[in-house]
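Order of writing sets the chain letters: A, B and C. Residues in each chain are counted from 1.
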Amino acid sequence: MMPKSPRIWQLAERRYRLLGSKCVLCGKTSVGPRSICPACGSDKVETVQLPSTGTIYSYTVVHSLPAEKNGYGPYIMAIVALEDGTKLTAEIVDCDPEDVKIGMPVELAFRLIGQESEHGIIYYGYKFRPIIPRT
Amino acid sequence: MREIAVVGVGMTKFGERWDKQLRDLFVEAANEALKDANMERNEIQALYVGNFSAGSFVGQEHVGPLLADYLSLKYKPAFRVESACASSGMAFNLACMAIASGMYDIVMVGGVEKMTDISAPEVTSVHAKAMDAEWESFFGLTLPAAFALIARRHFVQYGTKPEQLAMVSVKNHRNATKNPLAQFQFEVTVERVLTSPIVSDPLHVLDCSPVTDGAAAVILCSAELAKKYTDTPVYVLGFGTASDTIALHDRSDITTLGAVVEASRQAYKMAGIEPKNIDVAELHDSFTITEIISYEDLGFCEKGKGGLMIQEGETEIGGRISVNPSGGLKARGNPIGATGVAQVVEIVQQLRGAAGKRQVSGAEIGMTQNIGGTGSTCVIHIFGRQRR
Amino acid sequence: MTVFGDKKTVIVGYGSYIPRYRIKIESIAHAWGESLDTLRGLRVQEISVKGPDEDQVTIAVEAARNALRRAPEVSPKDIGAIYSGSESKPYAVKPTSTIVAAAIGASMSVRLADYEFACKGGTEAIISCISQARSGMIKYGLAIAADCSQSLPGDVLEYTASAGGSAFVIGHDSGDPIAYFEGQYSVGTDTPDFWRRDLIKYPRHGGRFTGEPAYFRHVIAAATGLMKELDMKPEDFDYIVPHQPNGSFPIEVAKRLGFSESKVLPGLLSPIVGNFYSGSSPTGLCKVLDQAKPGQRILLVSFGSGAGSDAFSIVVAEGIERKRGLAPKVEDYINRKKYVDYSLYAKFWGKIAR
């Protein structure tokens, strides 16, 4: 079978760096590449750096795992609202299920998302974690 | 636009059908529908079939001609429609338009899914393909997890309680005990739902529709031809379809499904009715939260009052609006691609007065509401015993 | 070997990363039925454990991002080279440095390579950045020293091998320096004290043979050689940061070199987070930078089995005060911890799989 490399490569940098799309006309932002603004239909959409911090808009602890996550769970999935209002779906790591809350501040983390197989390519990308306390 | 009637319905037993293949299930349901309509198979002019992911479940694509072939509909056009869990609702909608336009006079609409050939984690992965593969499921979101995100927001914004979600399961399981074709013909209690294993917090196993093998089929014709086949035709009074963002996170408020609001607005307008006119509805309770949100988005109750509506028993059989007398996706079963047509089968039986122990007495107007993915597709049909 | 004679080759950013999970050595000893008495000599209490979704690449990227946070004057596009040193690359063939480059948004016009020399791949990456910056081949280089240190289940290495790493933005005559390099000295011999054969999952070692003929001989030779070249004595240094395979070797080697314990303790991480292999002494350096004052002098000495050592004399500059707070400190990562038992440790490491 053809490895998934092309599909992963197409989006890798956006997932690594949390790049998003922003409409030049109406300012609507979204994660993932778009050539047409989903809000106003303008074709003036540019790639922008999205903020690396936000808060949890909603979350769930996934116990019933998809095949790709065999043995990994339970894990926390959330919709994160970034500082600029952009929402995205991400795993919350370095956080115990009993500690996650709506409104909790989180920051960008770079993590392994999965792999094609033991022999195949490895997928990396964004997850979010509670902000590391600083002294 | 020509009016449309349903003149034949058929459905397999839903559940774990270990000995049946995809094509066997479909043929079983299709034969039932033909028999119900007193119709010869060569009278069928076209086949519309809803199927979500035979490619993933059984390694088969191109299921339109496969099913036409096995039903011996030689050279007849066969359309396969895919809209995730709304596949056969959408197939039904396209078939309605084919009749309404005058293109065909008689068509069959089927839906089928064979899900038990693969493991539960694999099914979870296939379900997840109904969402945004690159920006949701890639990161680990599952379909139950997405509805769990919705449920948690609903809890926070409207004070809905896990107990109220559980009541949806309790009602639908109770109804399914009166449906001999239902997958789960046993009752559950709120306590049992809330102590069942967690799938994706706050949703428990008994908040989620199951993995199901099954098929359903119906036969549509122009209203003028209906009486030739049956004394009790059921008429399509209106319909609406709408789409929404593929990713849940791209919606400003995830506690309302915009496609449901829009599709129902179209359907009510076309049928010339209001929500209060609905006697019986088969709603898309893929998860218990989905039924509660649907009450609100369909205008059965105010936004945020869905939990109260189930709690007060308004959607029990014989309540203000009887919802999911078949047992719904939750207890009748949810063979993804077959679900939309299975809803139609139930509403037709209800409006014929042929629903047996689960009959909603005096049902005149019924609704089916079929949702795909996290609400990225919604298709709604309104049916009546009388023509418009 | 090299005395720079100027203060121009500089660190303009540094950053570290340590995973959140820890295991106490009691938990490992319990799993294998080892007596804690026999382990006391290691002077290690607990070690970091990589999360189930962490590897050498993710640690490298997190450390690199922290280093860049402390170098706000450096655009990722100005980085001419990214070198990553490690002995635990998730790909045997395919560079880590390419992934780091994409993750930080480096330009396509960039020199990328991975280094391996057991635990001193990281300091080799630093040397490459120093030399290319000094020669004018690059404006800035990013040197990364990180590992998810492998250890055979049940082996004594399990009590020390851990996960973490650091990164450094290095330039010449540019930026707002945190520190400058004063001199560098390396040694190497063919000493098979520790190795991992191709396609074999876990490294093997010569037990006590890793001590005198390997660690001590090379670290002492490199440190002594550098001090001689610079015409300096232990008294001229405020800190010494040797490679930290356990909690006792660094203290012992510092003592033999004539350094007081107080000069080695500030950069000593192994007793509380273990051995990051390539990331070990570089992260010790970061911990020292987190607290050092401008003008203070640091002796950094890595050790890579096989075997060799790279020694550096580094003097802290004014920029440290402005930049220290721009990213989490090593201490912040040390304080962020959650203990796991041996079963979770083994699962996270892939030592058991289903």
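As a working rule, a contact is a pair of C-beta atoms (placed from the backbone, for glycine too) under 8 Å apart; a residue touches a chain by one contact, two chains touch by 3 or more.
Here the structure is a predicted model, which means the values were calculated and not measured.
Viewed as a contact network, the protein chains form an open path, each link joining two chains that touch.
Put simply, the chain nearest the middle, going by average C-alpha positions, is A.
Averaging Cα coordinates per chain places chain A and chain C 30 Å apart.
Mean C-alpha positions place chain A and chain B at a centre distance of 32 Å. Each chain gets one centre point, the mean of its Cα atoms, and the points for chain B and chain C are 59 Å apart.
Within chain A, residues 70, 91, 113, 127 each touch two or more of the remaining chains. In chain B, no residue touches two or more other chains. Taken in their complex, chain A has these residues touching chain B: 11, 30-32, 38, 57-70, 75, 77-79, 87-91, 97, 102, 113-114, 123, 125-127. Across the complex, chain C meets chain A through its residues 20, 51-55, 57-58, 61-62, 65, 90-91, 99, 102-105, 325, 328-329, 331-333, 335-336, 338, 347, 353-354. Chain A makes touch with chain C in their complex at residues 12-13, 16-17, 70-72, 91, 93-94, 96, 109-113, 122, 124, 127, 132-135.
Residues of chain B touching chain A in their complex: 119-122, 124-125, 128, 132, 134-142, 144-145, 148-150, 152-153, 156, 197-203, 245, 247-250, 254.
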